[in-house]
Every structure is written in structure tokens, then in C-alpha cells.
Amino acid sequence: MTGLDALLERYARRLARRSDRRGFLAALGAFVVGGAALPLLPIARGFAGDGGAKGAPAEVAGPEGDPTRCEYWRHCAIDGFLCSCCGGSQTTCPPGTEMAPLTWIGTCRNPADGKHYAISYNDCCGRGYCGRCFCNRNEGDRPVYHPYRSNDINWCVGSTSQVYHCSTALVIGLAEEGQPEK
Amino acid sequence: MTGLDALLERYARRLARRSDRRGFLAALGAFVVGGAALPLLPIARGFAGDGGAKGAPAEVAGPEGDPTRCEYWRHCAIDGFLCSCCGGSQTTCPPGTEMAPLTWIGTCRNPADGKHYAISYNDCCGRGYCGRCFCNRNEGDRPVYHPYRSNDINWCVGSTSQVYHCSTALVIGLAEEGQPEK
Amino acid sequence: MLAATLIGAAAAAADIQSDERGQVAVLPAAPGPHWLWVPDRVLRHAALFDGDSGAMIGVVDGAFSVSGPAPILAPKRGEIYVVDAVYARAYRGERKDYVTIYDATTLAVRGEIEIPPRSASISHGCQLAAVLDDERFLVVFNQDPANSVSIVDLEARRFVDEIMIAGCALVYPTGGSRFAALCGNGTAVEVELDATGHQKRVARSAKFFDVVADPVTEKGVRDGSRWLFASFAGQVHAVDFSGEQPVAAPAWSLFTEAERAAGWRIGGTQHLALHRATHRLYSLVHQGGPGSHKDPGAAVWVYDVGQEKRVQEIAVPSLLPAFARPLLELERGGWGDWLLRRLAPNPGVHSIAVTQDAAPVLFVRHEEIGAVGVIDALSGALRREIDEAGVSGPTLIVPGP
Amino acid sequence: MLAATLIGAAAAAADIQSDERGQVAVLPAAPGPHWLWVPDRVLRHAALFDGDSGAMIGVVDGAFSVSGPAPILAPKRGEIYVVDAVYARAYRGERKDYVTIYDATTLAVRGEIEIPPRSASISHGCQLAAVLDDERFLVVFNQDPANSVSIVDLEARRFVDEIMIAGCALVYPTGGSRFAALCGNGTAVEVELDATGHQKRVARSAKFFDVVADPVTEKGVRDGSRWLFASFAGQVHAVDFSGEQPVAAPAWSLFTEAERAAGWRIGGTQHLALHRATHRLYSLVHQGGPGSHKDPGAAVWVYDVGQEKRVQEIAVPSLLPAFARPLLELERGGWGDWLLRRLAPNPGVHSIAVTQDAAPVLFVRHEEIGAVGVIDALSGALRREIDEAGVSGPTLIVPGP
């Protein structure tokens, strides 16, 4: 196999790993920021009343610690363009977009400390597809009849404009356990 | 060089030949069907009064005779998606689209008889990009300040909707000479 | 500066051969047996192909959906419907949702029907809207994020009613003026409309699957009054909607214990297809771990639904050569094509669909490879590849009943 | 079916580390020296990149243009303008044209100004609209297909007037409230606006080029009150707009007779760039035949404008490795990248742009390769490649004066 053949095979493998160009993020719960359009699930109760910002967990080196990479540990259930590649970061929307008030929560293990964290995959909305750093991982994803665990739903649904631009991955706290279904 | 390397080089060469994803067709004149918004140039006078349909010239075998190919002889000044690949043909718009009333005329040599023909590159309008069989050839193209010879202009400009879908290549008659600028 | 004098290209008027201007193609009155719509989320249209010739024969647009527009044919009406939405300023401003009505033969826009501005945008694109068997009502799934459906009267061309379906999702026609939805508590609910399109009756099945332990995917296939669903682990649940209440039959498995242990599972987007006349169920499968339920597969296993057993395995060829051929400007069947076919690995496909005629074809698509494979659905042999079939999109839609 | 009980993922409330929600990034008050807008006709937006880091730092949308939206900065106003249009139903229905006003720091939409629904859509995307030096008026080129310009008052945020410019095209700011256009009879015309935005004065140059024998391209570069244009054959025409009438200087050639005989010619889309402080003119060139004036090139020849002679040649590297790297998931600088760099041929680029700072960079782009090269404009050395820079588009826009 020549070098280019190997490259082509890598491309094929990568395609095989990616299942969805535009979908949304796996969910373990949901909460509303500054509203009560949906019931707050227990997992979100500890965070609904304040703005967070108590400091992020430690990060590791390499792709699992790089927010512009699909391998980043917080992205274990993400499905979309990474805001870190679009003018924002894993916690910040790009200029001119709006962070979706409705979201859904995954659980990802941080290799830096071995702990599981609850991750809120807030979409950034109101501009068209970012088009960079597409990433789809489906740990814990469920069909759309179980909406707050479904990463196929356009979660800009609660925003001013439902046009999807990119996705963030905010830590909202420690989770006691990881994903149950293995 | 391995086979795949050769393929990649072909890709590069192809890219190098294509200069414009979405532009329009080179022009040697212009006419208005059923209207007089623009002066009829002499070349069009013979055809403005009737519907045409006096039979098309002979075709050759191979890519130069295949309307789904960029190499097709009528495409010597085309810039866009070939309607022959979009549900129409070199002379027919795809279902649901509208053939542009304004157009521009090129001169292409038909290898079947060695004669030069005046070609009218009518756009088909009112649906988004077809996205198939993009082809750009610029024989006789001129800048947009010389509009009826410029293939960069969206020639759906005179249609009900200015949204561009694909381009046809109608023979409208014999031309006495080919392109002058060689 | 007149062009003609400058370029010397005056026509010889006595000797004109010329093409007729203004011609626009039309489609045959009835769909061909192997026609296929390919929705595209980037090009924002659905392209219609003839699987026999491989030619694109038409297109309808749709700007809004993250899955690409899904054309829905109503054969008796001779119309095609697309649920769409616009913002007043493309990406911002007031949102307006509507159903575009296309003539099925000319693909011209016949009209439109405004609907509540909350039609769902879901990346898998499956079962987001449907024309009921009566061909009178179109049902559109809404999410804002509460779940509901909009009922559209196709005869009167107007929105009739919105029906809340809390906890349930999507639209599965079940006969007459009835449709079902799948629910987050492991049940199915069926709604019957009255002659004016308002809710007449609601019935719910018993719980037939576990949403956490082994949920069914939304990508069911219809067999008359029954819908067949497959679970993540490969259990087939057939739900019968012919009675007063939906009733699920005992589940059966697509996989043996040994196959399951070897990691075989369902996967992809539109991963099931059914040829009704022969009761053949096509299931896209792969070997993978947890969370791989959306991964593409390179094998389609075929089952006899009555016997509940596998009768055939179809190997899905790599679509990479068909994808790369136009990029590389290679001739189909030429040396470069031959080389590509030998060297290209197989990333598999996400979606499958089968036609309902006596010589059915199986269409296969990878969401990010702009090519569609056309496979003989009985022999499993590759018939052709359609290249330049789009940029990105999840579904394959065979028009017709 | 509450998720928390099912998944056992309850938060340990005493030990929370959490990120602040709702944060949205903003840009610095002034553009960075090496910022670049990359318009995209398929994604229907323009992405802003920092050439120093290679990072995308923002985006503005634009649905209509076949060249992708062109953001126009008015530095003193702190605003960015995009000429756009929508149809009432995305691809059909009533057309409405407007200028979207973005805050240059937040990129939020501050407002919009409706303009006549005939703004031009031209695939090369060059000089379709401009803010005049006064920063009071925005001028938009129209084509329906008659040529005109719309004058927009940015202070009052309203459309002021439409001025016919029959036979002439595009918008070249020339100072104050003045702009020029190129005309099909080989001249340039200059229009001066009065304080209210209406036409005050029109002046026309003598004929300075032959539209058939050797036309100048529309892709001129500005040097104060002068615009420099290059002809298909490589003649440089400098037109001075400082006086009562535009005056063209005698043309000089980019190519020697020997070079011309060897097939060297200009080519591409945005094929000229000027670094004003050093008077260096960058010209994208290739070897080709007639009709190749839009073909990409892999060489940038640099000229001293005052001396009218070539002072440097810059080899443009292949953008294929940067294009393929994310597709193949290769690490920058890894073995695969190394291999690609050795093997990949060079299709050249269509467009170039240069920054105006003391350490300028030259940006290069191929219309169909989603990557941008960042080259040291003085040494010619490649500084970096920006990958995943879009799908397709013709232009490169350096913000700022």
C-alpha cells in the first residue's frame, strides 16, 4: 500500500466514524436558563439558579485536551460544528450569535482527573452553518421521542432564530457516574 | 508515481482548468425574446422573430458530441452547471425552471462539420444551484462592463426569479467566422 | 462597439439551423418504478433521479431543514408537498412556515399553505411529515420544543388544527385518516382525524420497548397497517394499527447471540427498508460498540418478515470510487476507475431504500459522500452508481405508494 | 422516565466546577493587521480569519449573491455592511434587497436599509459595492440588466437615489464622495455626489483601452486617487482621479516580449494586489492560451509601481495539502502531511490580497479549494495555511483602509 493509499483509507475510516453532518448533541437531561418552559430535571437543579463560573476542571495535553478537536473529552456526545473553530470556544459563542437557552446534558469522563462531568451542549444560533470542525459522537444518544437525550434535534429550537451555527460544551458540574449503557 | 498519485495530479489539473464555480457564459451579442428591453444586435436579428426549431446541426461521437460533458462543442464559452445533467438538456430547461429571456451569444466550432455556430447560452432560473456537471470555458469572455460578452453576470437577471439553476447551449444559427481573439 | 461588427460573426440567414427557445422539460404522469429523491442539506434542495438511467430528472427546493427537504407525493392529487420555512432576512427576522405545493408532472409551484412556525428540524430527516392514506390531510411534526402536529387540509389548501402529542414524536401514517407517533415511555400512540381534520380518537399501545435499556429507532418501515421498528440491539417490534388500539407483536431478533457477541448491530440513519410484496426486510448492519447506532454499515442483511429469519446478505460496495470519479474526471469503466475500485476502502452507507416493484432496486447512500448506489434488491448485485448526487444529507425517498 | 434517575448522573452539589452560561465572544475594537474575510457562495456567509493565528474569529451571513457576501468596513462608524437580498419564499416570490448593518465589534445586526431590488449578482464578486471615503455613502452596483448604482446614506440609514451609469459598471471609490466605473467603450467615468447623496458631477476619461483587442479586467487596485488596472495581455493602466477628469497614464507592461511569447499572462479572479507604502504591485500570472484569463496561477510576480519593473517572483505553494489535511484527518506537520506536501501537484490560486501594514502578508485562495495560504508578502515565504476555510468563493477581503 502506498502512502496515498493509506491516506485514502484514513479518509474512509474517518467517514465511517462520522454518522451525521448536521444533527445535534446527545442528551441526558435538559434545563432552561432563566425560564421554566420545561421542567428542570434533577441533574440541572444545582445550577439553574446561578450563572456558574466556578472554574473549569483540569485539562490534559493532546487531542483529548484540545477544544478544537473532536477527540476533546467534553465532546463525547456532541454532534455539530465545534464553536472553538468558529470564533468562539468550548464555552463561548462566536460574535453575533446567541447561545441557545434550551440544551441537553451529557456525561463525559475527564482523563485529567478520571472524574465524570455533566456537560451542557449549548448550540450557538442565528447564523448559518459554521462549516468547520464537524464532530459527531453519540455516547448516550437516544431517539427524538426522548428529546432531551437526542442529538438529532435542532436545539436552536428555543432561540430567537432557529438557524444553527455551532455547538459548545460547558461543564456544569460533576456527575456521580458515567453513561450507564455500555 | 503510483496510480493514486496520478489520480491526484489529474484532480489538480482539473482544478487548474476550472476558474469559476458560478459565473456565466461568454457572450458575443445578446437578444431579447419577445421584448425589446435591449437593442437586438445584428447577429440575433435573423432569429428574433420566430421560434427557431429548424433542426440542430450534426453531432460527433465522444465527449465533443456529449451534451453532459464539459468538452461538448457547444460549451466553448459556458460557465455553469450543464442542464443536460440537471433534468433538462442542452436545449431544454429542467422541470419547474424558467428559461431566461435575456442571454448572450458565443461562437463555437462544431467538429462534425467544421462550421462555426452562434450559441445562445440561456440560463434556467428559479431553482437553486443544480450542483452537477459544473463547466467553465471562457473563449471570448469579456469583463462585465461589456455585459453581453461577460459570463460572470447572473443572466437570470431578466427572469421572474434571479435564482440560477443551470445553463443550456442553444444553436441559433451559423456564424461566418469563429472567435476573433486568438 | 456592436459585437457583430467587431467579431465578424453575422449569421447566414438563408442557412439557419436553430434550436427552439424557451423549452422546459416535464416528467411523465406517473413516477417511474426506480425513481428516487435525494435531499441535500447544503444545496437546500431534493434532486430526483431515475435509478435505471442514473440521470437527474428534476429538483424541488427547500431552504430550512437541517436534513434537506423531503418531497411527499400524493399520487391521486398529482401533487408533491414540501414542508419549508423562511426567515424574513434569510437567517434572522420573522419565521414563516409553509407547505409548498408542486405539480408532480411539471414540478411547477401550484401554491402554498401557511402553517404554524414550529415545524421540526431534525437532522435524520425521517418521518417529519406525511400525507395520510386519505390523501386529504398532510400531518407535520412540530417541535418548539413541545411536541405537536399541524394538520393541513390538502383539498381546501389550508391549515386546519394543531394537535398536541406531548411525549410523542414524528408521523407514521397507519391508514385512512389515521397516523401514529412513538412515545418516550415506550409506547405508540395513534390519532384518528375526523372528516374536517380535527382529532376524533386517540389510542395508545401498551409499553413495548424500554427507552433506556434498548430503545427502538425512529426509522420504522410500513407494511400496510403495521409498522416495523428495530431496536439498538436488533430486536424487531411490529406494531399493528388495524384495531381499536395499537398492538405490538412479540419482538424477534435480527441477530443470533453469537452475532450479537461478535458486535453486530444495526446502524446508520435510514437503516431499514421493506419490500412489501416479498416480505423482505432490509437491515443495514455493522460491527461496533455502544454509541455506534448511527455509524454507517457496509452490509445489508435481508430477512423474511413472516419467517422472522435471515435469508440473504448483501455486501454494500464502496461509494468512494463513484464519489471520486467526477472529482478526478475519470471515465466510468476506465483505468482510473478500475484502479480506484481496487484500492478504495469501504466506509459503508448510512441509509437504504427499496422500490416496491417486481424487480426492486435497493438504493444506498453515505451522508457525506455525494453518490448513490443502485443495487438489485433480489440478487444483491450492483447495477450502477449515481455520482454528483449532492453534498450532504441523510435520507432516500422513493416516491409512490 | 426522568433522565437523572435513569442514568444515575446526579450532580454532587457541594463540589461543582462549572462554566458560565450565555457567553458570546466579541472582537477587538480595531481590525488586526492580518485579518481576512473569506466569502463563501455555498455556505452563504463570509468568515473572518486572523492570518496570524489561522483562527476563524467571526462570521456574517449573506444569502443572495453568487459570489458570496462581501463585508465592507466603515472604520470610523465601527460598522460593517453587507449587501444582500431575499425572496419571500427563499428561491421564489417577491425579491427584497437590503444592506445589513453589523456592529464591527460584536458582529450583531444593528439595522438594515432597504434598497431597490436589483443589486448585481456577479460571480467574480469584485467591486460590486463600496463605502466612499466620506464614510457617509455606500454605493451599490445594480444590474436589471440595465446598469445603475444605488446611493445609501449611512448616516440617515436610508436609500437616497439611483443613478444610471449606462454602459459602465462596478464601483471604484476615488476619494471624498466620489466613485468611478469602467465603461464598455474603453473609458472610465467618475461621479461626484453632493452632500445629500445625489449626483453632482460626472466626468469621463478619454478612451484608454480597447475592449475587444485588449480589455482591462475589472479587478483593479487602488493607490490613493489612482486605480491600477491590468489588461488581458498584461498592460498596466493607471487612471488618476485627482483632477477634474479622470486621466490614464501611458500603459506599461507586466511582461517582456519574450515572456509574452512564452505564454505568460495574467489570470484568475482577484489577480492584482497592491502594498501602498512600498508601491509593490502583486500580479497573479500563469502560462496559458487565449481564453485563459480566468485560469488560476501558481506564481505571483511583484512589481515596483514607480519603476514599472518586476522586483520579485513569489512561488505560490499548492493548497491541496491544506485542503486534504482535514478530510484525511492528518496532523499538520505529521508524516501524512509531509507525504502530501511532497506528492501533491499545484493547481494554483485564483485570488490574492495583501495587507497594508509594515510586515504585510499575501493571502492566496483557489476558488474551489477550501484553504487559504498566508505568505510573507516581502520574503515570499509561506507562513501558514488556513484549512476548512469554506467551500467555494472568489474573493479575499482585507478589512480596513
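Labels A, B, C and D are assigned to the chains in the order they are written; within every chain, residues are numbered from 1.
Everything that follows uses one rule, which is that a contact is a pair of C-beta atoms (placed from the backbone, for glycine too) under 8 Å apart; a residue touches a chain by one contact, two chains touch by 3 or more.
Keep in mind the model is a prediction, meaning the values are calculated, not measured.
Student: Check every other chain and keep only those touching both subunit A and subunit B; list them.
Tutor: For subunit A paired with subunit B, the chains in contact with each are C, D, in label order.
Student: Sort out for me whether B-C or A-C is joined by the greater number of C-beta contact pairs.
Tutor: B-C
Student: Where the centres are mean C-alpha positions, what is the separation of subunit B from subunit D, in Å?
Tutor: Roughly 27 Å, centre to centre.
Student: Mind checking the centre-to-centre distance between subunit C and subunit D? Centres are C-alpha means, answer in whole Å.
Tutor: One centre to the other, that is 40 Å.
Student: Compute the distance, rounded to whole Å, between the mean C-alpha positions of subunit B and subunit C.
Tutor: Their C-alpha centroids are separated by 34 Å.
Student: Where in subunit D do residues touch two or more of the other chains?
Tutor: Within subunit D, residues 1, 6-7, 42-44, 61, 91-92, 109, 184, 211-212, 343, 391 contact more than one other chain.
Student: In subunit B, which residues are in touch with two or more of the other chains?
Tutor: 4-5, 8, 11, 127-129, 140, 146, 179-180 - these are the residues of subunit B that touch more than one other chain.
Student: Please name which positions on subunit D make contact with subunit C in the complex.
Tutor: So the residues of subunit D touching subunit C come out as 1, 6-7, 42-44, 61-64, 84, 86, 88-92, 98, 100, 109, 112, 184-185, 211-212, 391.
Student: For the complex, give me every residue of subunit A touching subunit C.
Tutor: Residue positions touching the partner: 5, 8-9, 12-13, 15-24, 37-38, 79, 102, 126-129, 136-147, 152-154, 157-158, 160-164, 179-182.
Student: Using the touch definition from the top, list the residues of subunit C that touch subunit B in their complex.
Tutor: Spelled out, the residues of subunit C in touch with subunit B are 1-13, 15-27, 40, 43-45, 47-48, 55-61, 102, 105-109, 324, 327-330, 336, 339-340, 343, 388, 390-391.
Student: Which subunit B residues qualify as touching subunit C in the complex?
Tutor: Going by the criterion above, the answer is residues 3-4, 6-8, 10-11, 14, 27-30, 33, 41-43, 46-47, 51-57, 85-89, 91-99, 105, 107, 116-118, 120, 122, 124, 127-133, 140, 146, 148-149, 165, 170-180.
Student: So in the complex, which bits of subunit C are touching subunit A?
Tutor: Checking each residue of subunit C against subunit A gives 41-42, 66-67, 87, 91-93, 95, 120-124, 143-145, 147, 167-170, 181-184, 211-213, 215-218, 267-269, 290-296, 318, 320, 343-348, 350, 366-369, 392-394.
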